[in-house]
Amino acid sequence: MAEALRVTVWNEFIHENPARLETLKTKYRNLCFSEEHIIEATQGVVDVYPDGIHSVIAKHLRQQRFTVNTATLDEPEHGLTEAVMAETDVLIWWGHLGHDEVSDEIVERIHERVITHGMGLIVLHSGHYSKIFKKLMGTSCSLKARESGERERVWVVEPGHPIARGLDEHFDVPESEMYGELFDIPAPDTLVFVSWFEGGEVFRSGCCYNRGRGKIFYFSPGHETHPIYYQSEIQQVLTNAVEWARPF
Amino acid sequence: MAEALRVTVWNEFIHENPARLETLKTKYRNLCFSEEHIIEATQGVVDVYPDGIHSVIAKHLRQQRFTVNTATLDEPEHGLTEAVMAETDVLIWWGHLGHDEVSDEIVERIHERVITHGMGLIVLHSGHYSKIFKKLMGTSCSLKARESGERERVWVVEPGHPIARGLDEHFDVPESEMYGELFDIPAPDTLVFVSWFEGGEVFRSGCCYNRGRGKIFYFSPGHETHPIYYQSEIQQVLTNAVEWARPF
Amino acid sequence: MAEALRVTVWNEFIHENPARLETLKTKYRNLCFSEEHIIEATQGVVDVYPDGIHSVIAKHLRQQRFTVNTATLDEPEHGLTEAVMAETDVLIWWGHLGHDEVSDEIVERIHERVITHGMGLIVLHSGHYSKIFKKLMGTSCSLKARESGERERVWVVEPGHPIARGLDEHFDVPESEMYGELFDIPAPDTLVFVSWFEGGEVFRSGCCYNRGRGKIFYFSPGHETHPIYYQSEIQQVLTNAVEWARPF
Amino acid sequence: MAEALRVTVWNEFIHENPARLETLKTKYRNLCFSEEHIIEATQGVVDVYPDGIHSVIAKHLRQQRFTVNTATLDEPEHGLTEAVMAETDVLIWWGHLGHDEVSDEIVERIHERVITHGMGLIVLHSGHYSKIFKKLMGTSCSLKARESGERERVWVVEPGHPIARGLDEHFDVPESEMYGELFDIPAPDTLVFVSWFEGGEVFRSGCCYNRGRGKIFYFSPGHETHPIYYQSEIQQVLTNAVEWARPF
């Protein structure tokens, strides 16, 4: 049955999108970043993901047994029309600077697909602060962060879980943004991964939730300036998570 | 230390409040209730709770070791000013017809008290559909209901939990409104009670959650037309829940 | 991949086995059953399961996509040799009168298969008191029971879980033995079913556990004197549970 | 009510006990330790805990509001007679080399006190491999270990939990033995602490369980060669855990 699994990979597509460069710069200026830092930050992402983060994830998932669609913030209805949603078994979400630009109506639509129809939802990295994740969790979803390029070691703490399939006891992300505790989330229904960071932090980096008829997986590695979604273990996790999150 | 515990009992105070009779009738008419049913429904509640549900709960809690305040929907800021919130360790919530009248600003205030400051929150009966409970749970919080006056038997499934202190293996509510599964909530962090109903349903009737720094307890018995909050076992649960939910 | 799933259905095979009639009678006599009750009890089971409970379960599972083996108490090593275990993905366990006859060595072998190798384990009905289930749970696993032939209604409380696939919001077992709370188990990692009984009890009847690399599902309906394992919903649960419990 | 809390601190009392020096040396020799290492290892513990680990823990708890008793392996019935057990609200357990010397009868007695009578149990450090902990958990309780004297940073992941009372977001143990994942335990009912280690590991270091009527807390810091139980944050955790684990 898994052959028919239909995945939509959503990406806000701001950091890596030349068409959104001014928006990005404005946002960074409001955060008091220096011009130099802004240029560096924007160019770095384009170098790593020239066609956008969604393209890399979608390419990987197409190489598996999945039917894959992509959608981005600037499309009409953010590319998440009723028709698209009705044909999505699992939605993957990457967002960061554009959280506020996502319309409440689309958030309600996604929420309803998860809760009532059992659509799976995989929230990546900075998506912890997305409207849809915060709405589903009910907490602030705040965390500690440090843009450092330091080593992250992802440990498996539930080795029999389908999302840990094919992984060793741990794997390393050579350069990562640090996400650390306290991560203000409900205790996961199943905690699959806990990450270690060079700088002294730990993080619940792979968290499963049942909500309504739907299944949600939060997975934290994935900073836009590092080639994390090209890494084989990360891709294995995404494959596993899609299969786990599918509706029944 | 428990001596200092400060409890605020919040009640929308519509059903039992003569000043809100017209509001109540209008709402019932919109629900296509007959005039006869409306008169019966409104009078029944006043007979059981002549001073409001909050008064009965507050009286019981004052007889314990707690400092108790009450607040209702029609007060300025629903009686939940910043000053009141800052002096509340545990908030008890009873609402039904007035959910939509609760301002979003006050809901945010309560949410912030729970998540950031660790205020305990005890949500009663039809409060399952309150804005604050839905916001904290992230799900629809829908359930099956039948106004039946049938027997509810509350079973303890976690006998070592502080909220089960002093209870037998089960107790009966002689006349109750049926609340049945599927109750669309996140699986409780701890499930303390499961109810049986004469008509054939079960219900997770006592559910504990950790959210942020706060603790939340949902307890389903408490329909306004039955003298449920006068029952000793119910009062015992409320006492226990207040102590469990207190911040540290 | 599911095609290759290898299931071993284990049954103590005492109640339904003419060769064990004297053992059965002796045990019942020690429980002070009347001779009349003993004859009735023993004949009833044979009428329902002339080839043993394991045969009915195995036949159903063979009709699905599984490779199915059976094993019983009186076989050498209870039919659970190292070779059999090494080729078992999921073990189903039905036992009652013969719990004490199961050798500790075989219990250790099963435990090691679950914890270290991720073999799935599905424990049925009176298997709650088996050595292997008690060892894995760590609690007394005691419960309330009544041989009554009363109606059991099984409610789904986690509708998106794979073990609930294909089921309605509830289904009835027309004649069942009552198993009631308090069921002294660890809170399930996921609670899938809660049962209602005519006589006034509730029961956590479908409980999922992760233990080591293995997955365990306890499912309570299945008294030997009722044709419960012929019922389509029960068979659906068994199919779903085998798929869920498989190792990765 | 907390004033009456009666705590028994159990320690195998081998490492720090001159009377058990030969036993200790023999065990180390069987583990192929060099004579030099044996002398160093044994002397180090005596220097840190001249009156035994139990004395330091007991002294701290007496300074709180608790009535404290101690018991050790070499006493009759390991100091855990029926009379002692009947007057113990919370039992603290430190063991390592003597796990096998603990009689099965006493293990059964402790188990029964926890499950049936609700005695709290706090298992420390190498107690993860004690008979009583393995029996209550049902898993292998294996973990990764390295005697390293490296820094451990204990992070709070459930800040509203009573066991986290009075702690900052993290605290450091300057010199600790590394305990790392995979820790083969059931997922805790509540995970309170996750530890970070200099060498690259993480560990679920503070784990709460409800089992029967009892509450169990596992807390990993506490290697015998480091003065960990003198540290104020560690002592705060022990105080909090005793209060949390008390029966109701």
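Order of writing sets the chain letters: A, B, C and D. Residues in each chain are counted from 1.
Quick note on the criterion: contacts are C-beta pairs under 8 Å (C-beta built on N, C-alpha and C of every residue); 3 or more make two chains touch, one makes a residue touch a chain.
Computed from a predicted model, the values in this text were never measured in an experiment.
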Q: Report which of A-B and B-C is connected by more C-beta pairs in contact.
A: B-C
Q: Name whichever of A-C, B-D or B-C reuses the A-D interface, so over half of the contact pairs are the same residue numbers.
A: B-C
**Q.** Inter-centroid spacing, chain C versus chain B (mean Cα positions, whole Å)
**A.** 39
Q. If you average the CA atoms of chain A and of chain B, how many Å lie between those two points?
A. 37
Q: For chain D, write out the residues touching at least two other chains, lowest number first.
A: 158-159, 187, 189-190, 210, 212
Q. Which residues of chain D touch chain B in their complex?
A. 118, 158-162, 164-166, 189-190, 210, 212-215, 247-248
Q. Quick one: in the complex, what on chain C touches chain B?
A. 153, 155-159, 169-170, 180-183, 187, 190-191, 194-197, 200-202, 204
(Q) With touch defined as at the start, can you tell me which chain A residues reach chain B in the complex? (A) 115-116, 135-140, 184, 186-187, 189, 209-212
